[in-house]
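Across the two complexes that follow, subunit A remains constant while its partner is subunit B and subsequently subunit C.
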Partner chain A sequence: MQCKSCNTELPKKAKVCPKCGKIVNEKSSGNLKVIAVFGLVIAMIASMLPFVQNTSEIKDAYSFMNIDMPIMWYLFILAIVVSACLLVARKDMLSIISTLAAAAVFVVSFVGFDFRHYSKRNKFTIVRLMDLIQNGSGEDSYAIGFGVIVMAIGIIMAVAGVFIDVMKYFKKDLKVDARYLSNSINKSIWTKIWYHKGFYIMFVPVVIFIVLFYYWPMLGCRYAFSQFRIADPFYVGVKHFVQMFTSDMFFWNSFRNTLFLSIIKLVLNTGAAVIISLLLHEIVNIWFKKTVQTIIYLPHFMSWVVIASVFRMILDPNPSGVVNSLLLQWGVVDEPIMFLSDVKYWQGTFFVMNIWKDTGWGTILFLATLSGISPDLYEAAQIDGANRWKRLLYITLPALANTIITVFILNLAKVMNLFESVFVTSTPGTIEVSEVLQTYVYSKTFSTSMSDYGYSTAVGLFKSIVGMILVLGCNYLSKKVRGRGIV
Partner chain B sequence: MKKTVKKLTAVGLTLTTVMGLVACGGKKEDPTKDNGGVVTKPKTIKVLVDNTVLAETNGGEKFYEYLEGLLEKVGDEGKIDLEFTRPPHSSYYDSVAATFNGTNKPDVVLLSSDYYALYSANDMLWDMSEAWENSETKKSGRLIDGADKVLSALYVNDSDGNKAMYGFSPYRGNGCCTYVKSDWLKNAGIEPSSIQNKAMSFAEFYDMLKKMKAASKSDYVVSPPGFISAEAPYTNYLPEFYQKAQYTFYKDASGKYVDGFSEQAMIDALDRISQGVKDGIINKGADGNSTSDARNRFYSTDPSTESGIFTYWAGNWANTLKKNLDGKTRTDGTAMSGDLVAINPITELGTYVERIAPAWCITTACENPQGVFKYFIDTMLNGGDIQMAWQYGAKGTHWDDKAESFTLKGKDGKEGASYSYKDGEFHFLPSPEDPTKLISKNHIDPPLALAEIPNDPGKASLTEVAKKNAEFFSDVCSMAVPLPMTEELGANSADINKKRNEIISKVALGQCTGAEGIAEYKSSVGKLVDEVLKSLNK
Partner chain C sequence: MDNQIVMNKKKKKFKIFPIVNAVMFIIISFLIIFPMWKVVVDSLDAQAAYGFRWVPMKFSFGGYESIISRKALYGPFVISVITTIIGTFLGLLLSTLGAYTLIQWEMPGRNFFAYMLLFTMIFDGGMIPKFLVISDLGLYDTLWAVILPMAIDVYNLVLMRNFFEGIPESLFEAAQIDGCSPMGIFFRIVLPLSKAALASIGLMFAVKFWNDYTNFKLYIVNNDLWNFQLRLRAMVMESDVPDESAVDPNTITNAAVIVAILPFTVIYPFCQNYFVQGVNVGAVKE
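Our next item is the complex of A and B:
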């Protein structure tokens, strides 16, 4: 008998391949049951959504987040985590047991445990969900919240998903021995760690840093479901999300502005960088070319605060302002233009500032691509009688196209991260066109004494979800265009 | 087996940690404390302060030690360990909120009026009304006239709407008055003495501005830090233009809360500002300017960017503005003068507004609030060494009364000033932070203290300009009225104020009229305003 991994002839009754360490007759562990995993994630999210909801007051809601004995929530989470672990370990049938245990914890909590009804921070009364549904409270009536429906969907998916292997439809038979797909050998993980211990030790500070500063703060996203002023947050269901989507015009305005400013900026910056690259590529004098490159790269290294101050001085709306005094002298305008204070001019000024700052830096990739185009192509085209324009159209631009798309896609994933440049250049009068989601969250949080961190978190969470969708979308596009993802 | 263990361990550990942490955070503390009515001397007091107390870089540690030494001698025997925490000034209130969220809450915290109303409305502060009534400071009879007005503004609502005193201000809140440059007046053919001590009408005031504009090379006469201030009292940087218009909600004559911004007075005010910008009186580029931008325009040596009028803090700032102008030469060769005329409020304005002073509050987390009040807060204005320390800093570090001579460090290549003092003569010492300057005060601005020190030796060291201006302001100001905090106000104030500021800018820059602006304001945030008014008038 031969080893399935390395084709070595195996001794009789061998349990492990003596060469590569692969277990003989090891059963295929099967694919990860993705639907079941999604079900568990949905059940986890459902634990924060309202189980019971006041029919007239959105913030009067009950979930695990305001159960009087939080231990039940922890038990629920534990059961979900156990299910996830079992799924990852391919002990699918066992995961059903822990998933059902989670469902049982949910049902018992719903039926048999007390929940807190907060009238204000630190002031609550105890209620039973079944009583609320059957009898209401005073004049208020209550109904089953959509958290229960989502929970049911999650649990059903987690159980049923165990029997559905969707991954097999997406997996290709690579017809290559798995051993050659990575540099790993069929040794235990501990042996590998010990072998590469130096790298792992070096990696420890990075892991700690990432966990502390990237993942730990993410846990705060649960506050999106709570009212959080000063201290002691309490559960208010999906109130913030409803408010955000239905009655907060500033939110939608800032969402629109974020997309508009980011996408136009991206198109203009990329376009300007391509044009400048093409022009620079035509310069024959190396000294002059390098000087120009240095000059146009420099603004990239300047802080937005400095750039805003410089432009404020240059574009001062008084007659002594540099640009306005010239425009007045030349008779172009009768009145000084308020570039940074007038909604009509702010966006244009913002785009110009962005082009000035980042175009130079953006040319690096395009210049690298241009320098890689074979001169033979140009020579052949010249012989064929192609003029400069034709050569640009039929050689240079097609060669650049892939890079342009790549740059565009890579930057598209970052469109939601617009803050500093807007924050330092906008003025109270231009809020209508200049406020973006990040500045909106900032102003909601820091410009008032009674900021509700819960609401700001909800807006931030929405922004992150949109950002995540963009990143995943761009990753997909990137794979399509250049054969690999954006990371 | 190996793979199973590997995956199970890795995923299990990670997910359990993460999910477990998600579920954390439900711990509640009982804020009610009782020490049995006996006032004992606290062993430790945790204090959260901003940069209005001498900073560590400016000998703050010495001040803490000095204060601890003085407090040791007060009442029962025993030392009080003062643990001062000073977050960065610009993010002070974020740090205060973060501290209240944590487990290590302070015993004492310094809060501005907005935050004071907020924290008391959320039952985070200890009710010191009774302690104040029985305090040594109140009984001392040394409180200045008007102290009652200052302290009565500190009676605010708790979460149930009951009014009580949750904090104590040892000094007045101060406010802004309008300073006019004498040399600009003279250039405009106006004798400075003719406007001193005279309450002009707006027409007279505006006429003066026009004459100053005509006589100057500058683009404007007034360059405020924005068309509206970011904090209460909001209209204080352009008081002559806003006059009695109210930026936010206030209680009208009938005792009902109304939205001042929607009223005719605000429409008129906005139109006045718009006209001022159009006439080149107010800086067009003021939108979004900071206070330092505005100060720099006032100090500017460039005749095209210099401002001639500045509405800014009274008291010590009168002296600082003068010092920063005296001896400077403009780029056109003319000398600048630090002679400033602090004009009376115009008749339409009536009085300048004095802001509500920041308050020292004891938190509900404090285990011995009576003790902290008695030994920390009630001693701030004791009329002796402790008040001296709060006004002037630590003896030997920030001030002294021994015979000595010293020379300040020179600046800009010039030699620093030399000083010589006799024994027993109070004098400030060079600032540890900036040895080119003398220390001028600690937390309590001496002319603003709510109680004077009998025969205050430091009084002589105050400049005549600062003293006179503080007295002048005291005569022509009225106290700001605090706005109670409601949940609806807190939730909507950021959006409402944002819209108000947008409208102010649009009208000021001539993009719409006052009436159009207010109509837009009502149509966009009218619902939110109604919601807030409903909560205020509940």
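Our next item is the complex of A and C:
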């Protein structure tokens, strides 16, 4: 066989021409089938939604969570994960098989297995879903739950999505990395695996940690669909979500606070960092600049506990608090301001603390970009008669724009993770403005006795899903703006 | 830089901007140092908690002495040091191993491993499932509950990979040709060449472990296993200062704040470049 572009004789099974780097068989590598991946995710979520539900009250429902043989759920998840892996590995057709296997597991468990109906913890009766749909239970009538419909949609999307390649419309010219040019790419896969055996062993500890502390907790999402007080969770369908969205004021309040606090914080911090770095860049004296940098980076290394402690002490309403005593002395206020325990002032204080802590650290990236701007540009502008303001507007800011957007996107993805800073600075009196989703989960679980882990998991799951949407959105934006993703 | 050019060309025209700018930065630095200075002064003053003064009124090392002498105070400090050292070591080990595997572009399954790591940055199980997992593993209320989950940090792992990618490919090839095993390459070439990366990421891990509050709060109930941050928090919030008649409790609290920030305040001016490098590598390269 010969390479089409440079006519070199190719080795057997060669995928890439060793001389010119052209891919020999273009079809061998495809795109990620995004729709199929979405279908798998939908099917995965559907496996936790009700298969059969009471027509009058949604909380009486059955799904994999109360199947008599939980192994079926694990089989289902396994099949879905295998499909996802095959998709990622570009073995699209094979992934159809495991997706269909997942569907088969689903049908078998639906028809063939017993489900438990819990009346209380540990007290349950065995029911068969087919009986339930036909005859109902007592006076209640049952129907097929929306989980089945969602599942069907998911599986169909996963199978159909394999044949549809949406990514090709976004695809640019495939560039071959120089490191693919070495000859080992053209060896067989088993040779390569044997050659890399040492690396697999080295990766084992990382895999163990990742699975234990990231993937195992992900399976814990199923508790969001169950009632779980101390022990023995049992399935209650989407009751928690219904309750959360319709009747939990505190939940919506904390969701709003999360978005408000973190987005305003992000804007203020980024803005302050940009201004500080622009001004810092103007300083000529190296020694002075280095000293200022050292000082303004300093608060970044303090924990939130330290910052909360320091600010608590200086903002104390008693005469020992510096700020209040100064304000009183100058006659600005008549009585001490409760900066940290008054609903009116808490948000402002929180933003000030954030700016104090992170502005300096935020300037690092901007300063790196600024020092990369060629001095020639400024010189040329100066000769053309541009003043300081014009130079800022036409040279510095356009050069900085990309970095600003980068920083913004990187941080926007973390918006939902607000926890420690709020947790240590808020006081019981400021709950109204300071409760964010994470602190809500915390107080719901650990501050009350007989707390329902199921409900707080549901709130956490909502947070994770919103966070995921944000990360993927930011990733997409990042690809558009700067040509590569953040994850 | 351009200021100098201007100066030379326009024959020392008086410029107001640089002076205003410098004054502004002096004020900013003052605003950042001021709260810390107040804490330092209070920690050295036998009578803390009386407004603001530039130097201690009644100078004493009482606060620091009670931190050194009382077990309730130096115990948490020791716990902090232990978790920081073990955690940083473990974190560096996992990051370097993972990162070294991720730069093996020809390794079958490399992409799978990369996606597996990246997915954890997109979706997480949440606080409660993680808490239940920690309980199921029997780690609850032991120091491992704090060290192990934080030792695997995907962001730092990717950062380490970015550093490793800066190592010239030809070095690996040369070592391979000379018959060096992957492990050998790792220890003889990758690690010695990435001292800066190790310092940078090691410092990030150390800061994270030293400042950890959330994990301790979630997984540790035993008072004897509290770290310094938790102890400090209890001192400030519940005025839970171990009683010592000679010294004002406020002085001890202030001294505790200083002890909590001291390690990195002392270390970091010397390693500022490593920190800065870490931040830049994280955002500028892929």
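Just so it is clear, the second predicted complex is superposed on the first by the 338 of 487 C-alpha atoms of A that agree within 3 Å, B and C clash if a C-alpha of one lies under 4 Å from a C-alpha of the other, contacts with A are read in each partner's own complex, and residues count from 1 in each chain.
As a working rule, a contact is a pair of C-beta atoms (placed from the backbone, for glycine too) under 8 Å apart; a residue touches a chain by one contact, two chains touch by 3 or more.
Treat the numbers as computed from the prediction; the structure is a model and nothing was measured.
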{"item": "Touching partner for A:297 - first (subunit B), second (subunit C), both, neither", "value": "second"}
{"item": "Subunit B versus subunit C as contact partner of A:460, first or second or both or neither", "value": "second"}
{"item": "Which partner, subunit B or subunit C, touches more subunit A residues", "value": "C"}
{"item": "Partner chain in contact with A:341 - subunit B first, subunit C second, else both or neither", "value": "first"}
{"item": "Contacts of A:448 with subunit B and subunit C, given as first, second, both or neither", "value": "first"}
{"item": "First, second, both or neither for A:310, with subunit B first and subunit C second", "value": "second"}
{"item": "Contacts of A:380 with subunit B and subunit C, given as first, second, both or neither", "value": "neither"}
{"item": "First, second, both or neither for A:210, with subunit B first and subunit C second", "value": "second"}
{"item": "Contacts of A:229 with subunit B and subunit C, given as first, second, both or neither", "value": "first"}
{"item": "Which of subunit B and subunit C A:364 touches, first, second, both or neither", "value": "second"}
{"item": "Touching both subunit C and subunit B, counted on subunit A across the two superposed complexes", "value": "85, 88-89, 189, 215-216, 219, 312, 318-320, 446"}
{"item": "Residue numbers on subunit B that touch subunit A, as the complex places them", "value": "2-4, 6-8, 11-12, 15-16, 18-26, 28, 31, 93-94, 97, 100-101, 114-115, 117-119, 122-124, 159, 219-220, 226-228, 230, 283-285, 287-288, 304-305, 485, 487, 489-491, 493-495, 497-498, 501-502, 504-506, 508-509, 511, 524, 527"}
{"item": "Subunit A-touching residues of subunit C, taken from the complex the two chains share", "value": "1-6, 17-18, 21-22, 24-25, 28-29, 31-33, 35-36, 38-39, 42, 48-52, 93-94, 97-98, 100-101, 104-109, 111-113, 115-118, 120-133, 137, 148-149, 151-152, 154, 157, 169, 173, 181-183, 186, 207, 210-214, 217-218, 229-230, 232-233, 236, 250, 253-254, 257, 260-261, 264-265, 268-269, 272, 275-276, 279-280, 283-284, 286"}
{"item": "Sites on subunit A touched by subunit B in the complex", "value": "29, 44, 70, 73-74, 77-78, 80-82, 84-86, 88-91, 120-123, 188-189, 215-216, 219, 222, 229-233, 247-250, 312, 316-321, 336, 338, 340-343, 426-432, 443-444, 446-452, 455"}
{"item": "Residues of subunit A defined as touching subunit C within the complex", "value": "85, 88-89, 177-180, 182, 184-185, 189, 192-193, 196, 198-200, 202-203, 205-207, 209-210, 212-221, 223, 276, 279-280, 282-285, 288, 291-299, 301-306, 308-314, 318-320, 322, 325-326, 356, 360-361, 364-365, 368, 375, 378-379, 382, 388, 406-407, 410, 419-420, 423-424, 438, 441-442, 445-446, 453, 456-457, 460-461, 463-464, 467-468, 471-472, 484, 487"}
